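Before anything else, here is the set of structures, which you'll find just below.
Each of the next two complexes has chain A plus one other chain: chain B in the first, chain C in the second.
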Partner chain A sequence: MILAAPQTWQMALGFGLFVGIWYLTSAVLKLPRFEKIPDPLGVLIEWLSWNPIYGLSIFTPDYYKHIGYSIYRAFTAFVLAVALGVPLGLFMGWSPLFRRFTFPLVELIRPIPPLAWVPFAILLLPGTEWAVIFVTFIAAFFAMVLNSLLGARSIDPVYFRAAQCLGFRPWDVFIHVVVPGALPFVFTGLQLAMGLSWFALVAGEMIAGRYGLGFMIFEGYSLAQYRNIIIGMGTLGLLGYASSAGVRMLGRRMMIWRERQLGGGAE
Partner chain B sequence: MLQGSPRSETGGALSIRSVGKVYDPGGDHVVALEQFSLEIPSGQFCAVVGPSGCGKTTLLNMLAGFESPTSGEIVMDDEILAGAGKRLAPGADRMVVFQQGALFPWKTVLWNVTCGPVLQGRLSPDRAEADARAMLARVGLEGIEHQYPGELSAGMLRRVEIVRALLIEPKILLLDEPFRALDALTKSVMHECLLELYDLTRKTVFFVTHDLEEAIFLADRVVAMTARPGRIKKMIKVDLPRPRDYRIVSSERFGQLKREAVDAIYDEAKKAFEAGEREFA
Partner chain C sequence: MWQGMFSVFVLFGLWQAAGALRVGGIGDIPTPVDVARALVDATQTSRYWSSWAISGERVAIGFLAGTLIGVPVALALGMNRTLRGIVFPVMETLRPVPPLAWVPLSILFWPTLELSIIFVIFLGAFFSVALNVLGGVDAVDPSLLRAARSMGARPRHIFWMIVLPATIPAIVTGMALGMGLTWEIVIAAEMIAGKAGLGYLAWEGFVNGSLVSILVAMVSIGIGGFLSCGLIWVLGQRATPWQRKS
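And then the complex of A and B:
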């Protein structure tokens, strides 16, 4: 029984303590600096209300508009980052010549924080929409490049030797050795990139968005609709969790050979 | 014993002509091999034994095309494979069975053993699969085609790897201490399995090992090498009849051959051991 499992109760206790302390500090004790923090009960009522005071709840279309925009941006940026970053990284890892051309450049551009790209992105791209996506993309892109590169370099050289002996052409080597061999690292990159996408997205939306959860949080702050800040944060937490779970599921499907090796994929 | 018809003459005569190999890491002049010459006729099973560091793996790497010699040349069927400082890229005509195993863990057994001929376009996937199933069955591996290497035991992996090597029909098979990590029982099963496949295909085999008994049991000729720099200490022709099975190990002739080989190699092993002691002192 899942309810009887100690993990379930321990988890519930953790949640309960967190919400309890939050409720105590913000609603009962009203500690200094905590008086402006919305209490959990008020937030929950607002979130689930048919007729929310500040106009955002699970029954208002605007709430879903914010969510929709954020998901669309994060997903577009993430897919672009994977589609461009993985081949680039794998190729850098595989070909020393290509690596010598590109690696120093990548290492120089990579440390630039995503937010520093905002003005550049607004100048370069038409409209703020693509600027936000670009900033999100940048964050995820370098995580993908670097992890794919490490993945390709982590492959035991004996597999390349075996491929040569078996008469593989370079393209066969790339498809059948480099790509699957680097997959465990690429998968780590996917998880990292997913998190970084949300991270950069919200920051980008606060600065340049007209919709989206980042915008929603910042507007909640500007207009003193503090409950909306917490609703936005909670929504981000749920979306982030769901997207990470999705990536993990994808990873398990991609690497059946590893699952079986480790003994049936038990957690 | 299974009797297969030997395939048509495929060449694979190997000629190693005064090959030398010098490594120079950071200015240290390490002579791995010196003036090494050896002729291996087509279809012969040749085992090379020697103490660790005698250059036997270096020699195999040069035959495979992973490294080039510093001097001398290596010729296979009138084609120069390698000369001083240059070499042909490795290819399917010289298949290596690696010491640590090199089946692709992310591919099924079937893909692993059929990829060579299929990717080269030499066989259709169906034909390659039929061949693979037949040869896997010969070595007692039926019904594992769709498993991944990580699911198999060490002994099964080695058999799959040898099957893969033979299915690409190389001219010469290069084995680099392939049974080193196996327990004694698995090892002797593997020996019979390898001999069966050898009797079936009669490829030229170049087998590197440090295990004397293994070398004598398997080979037509045993080449005992000196400690570094590697040179030929003694050649022993193994005139034991084929097909062989494990009972031959207790025969009188086997004992004689072994004594002969031990006498040749003992001094060298001792030298290598003492040199090693000095290196670490």
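And then the complex of A and C:
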């Protein structure tokens, strides 16, 4: 189908309807089930207020403390997952022998949802901090392993034969064939893993966290500071969007380099 | 094949040994044998099976609602550019908010806890299905559409004879991904807010400090997710026989 960017009036209408209906139902009409839902104007005022009623706005240090904790956890887990998952996945895709030994293990553990690890992680790891990071790590790790594996397997075998004919040692094959060849899939994995990290992080923080945006949302609920729920959700949306965009940009950089090299080699 | 069996045996062997020798000083790590025994014991209790039923029902309702609403919405957005221009940016704005961040708001809105958990599951399934289906509609080969149009096909024909069949694989993918996601969500939602279900079972194990019960619940959750995703793939293969590789 033909892809066209949405026109400005369409976007304006869409957002207008969304915010308008939200405002009408929660602030003006106060429909039966909507009365507890914070209205958009109130949330915005609170979010941007110098002196927020419930203590959280862009001018309060606590707000940034929550954000800082969440970012720290999400990125620690993400970096660990990439650092461990990519090499493991590439080796599994590259070496059939290694794959035959390790793939069944991955498939055995993978069906357990990352969030089911929460209680286990809290009991086994010292402090809830590492439990939250661990759960986030698990979520991102499997996405990285599987995509790297697929990437390494997607490489045309001709390249391996050519490299062997040219006397490449295994390490050179890995660096010059496996890594660049698997890059597009690794990149897909990075995007998935980023989304999954935030997904698991929020749940982890709600269940076990102290500080962090998931915790902030849940506290907003328990303390009946309902506007903070929406502020937390909005902040999470922005951070999730920004980090996905960051990964996409990084990926594009990686791809440009790859395209240049492939283009240069084809002369 | 034997290599796989070998590594699984080694893993369980090491685990068994670590548990028996109490390595790591964490105290009582349950061994695989302990877990298997506890799992068998659990299957004798009606509470275990009612946890299955409760989680399964939540997953099923939320997932079906997400699919039944997500597929038509995505198809409509894919077919109508104006509608898409209006609705899609809003959807894209809401999408980065993780489903579980909706739990408190959902509890505030829905009259019962059951409905709020199902709603969050619905959201997860809906976005997964809708975005995949929309991607599927966008990926329809434009030359098919041009050919159909030049032969006088009406939008109705284009939809039923080209877009819908061409989108079925994307629907299957969206459903499979959505199914995986719903299990994640139900587990977390039950830990956060639930009074019953497999996620609650794991949480109860935690409250009682019993690693065995936690592991039993984790294994059960894994089996549940595995079976339901497998079911989707089998149904999907049936629905898209032309995609089967012989």
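Some notes on this structure:
Just so it is clear, the second predicted complex is superposed on the first by the 245 of 267 C-alpha atoms of A that agree within 3 Å, B and C clash if a C-alpha of one lies under 4 Å from a C-alpha of the other, contacts with A are read in each partner's own complex, and residues count from 1 in each chain.
Keep in mind that, in the parts below, a residue touches a chain if its C-beta (ideal position, glycine included) is under 8 Å from a C-beta of that chain, and two chains touch if they have at least 3 such contacts.
These numbers come from a predicted model, not from an experiment.
If you put the two complexes together on chain A, you find that chain B and chain C both fit without a clash.
Of the two partner chains placed by superposition, only chain B is touched by A:177; chain C is not.
Between chain B and chain C, more residues of chain A are touched by C. In the superposition on chain A, A:167 makes contact with chain B only, while chain C stays out of contact range.
Once chain A of one complex is fitted onto chain A of the other, the partner contacts of A:61 are absent, as it touches neither chain B nor chain C. Taking the C-alpha centre of chain A as the apex, the lines running to the C-alpha centres of chain B and chain C meet at 90 degrees, rounded to a multiple of 10. Touch criterion met: A:159 reaches chain B, while chain C stays clear of it.
Nowhere in the superposition do the C-alpha atoms of chain B and chain C come closer than 14 Å.
The residues of chain A shared by its contacts with chain B and with chain C come to none at all. Residue ranges of chain B in contact with chain A, taken from their complex: 64-66, 89-92, 94-96, 98, 100, 102-107, 115-116, 119-120, 147-148, 150-151, 164, 168.
Taken in their complex, chain A has these residues touching chain C: 1-4, 6-7, 10-11, 13-15, 17-18, 33-34, 36-37, 97, 100-105, 108, 111-120, 122-124, 195, 198-203, 206-207, 213-214, 217-218, 220-221, 226, 229-230, 232-234, 236-238, 240-241, 244.
The part of chain A that touches chain B in the complex is made up of residues 156, 158-159, 161-162, 164-169, 172, 176-177, 180-181, 183, 255-258, 260-261. Those residues of chain C whose C-beta lies close enough to touch chain A in the complex are 1, 3-8, 11, 26, 78-79, 81-82, 84-90, 93-94, 96-105, 107-111, 137-138, 140, 142, 145, 163, 180, 183-184, 187-188, 191-192, 199, 202-203, 205-206, 209, 211, 214-215, 217-219, 221-223, 225-226, 229.
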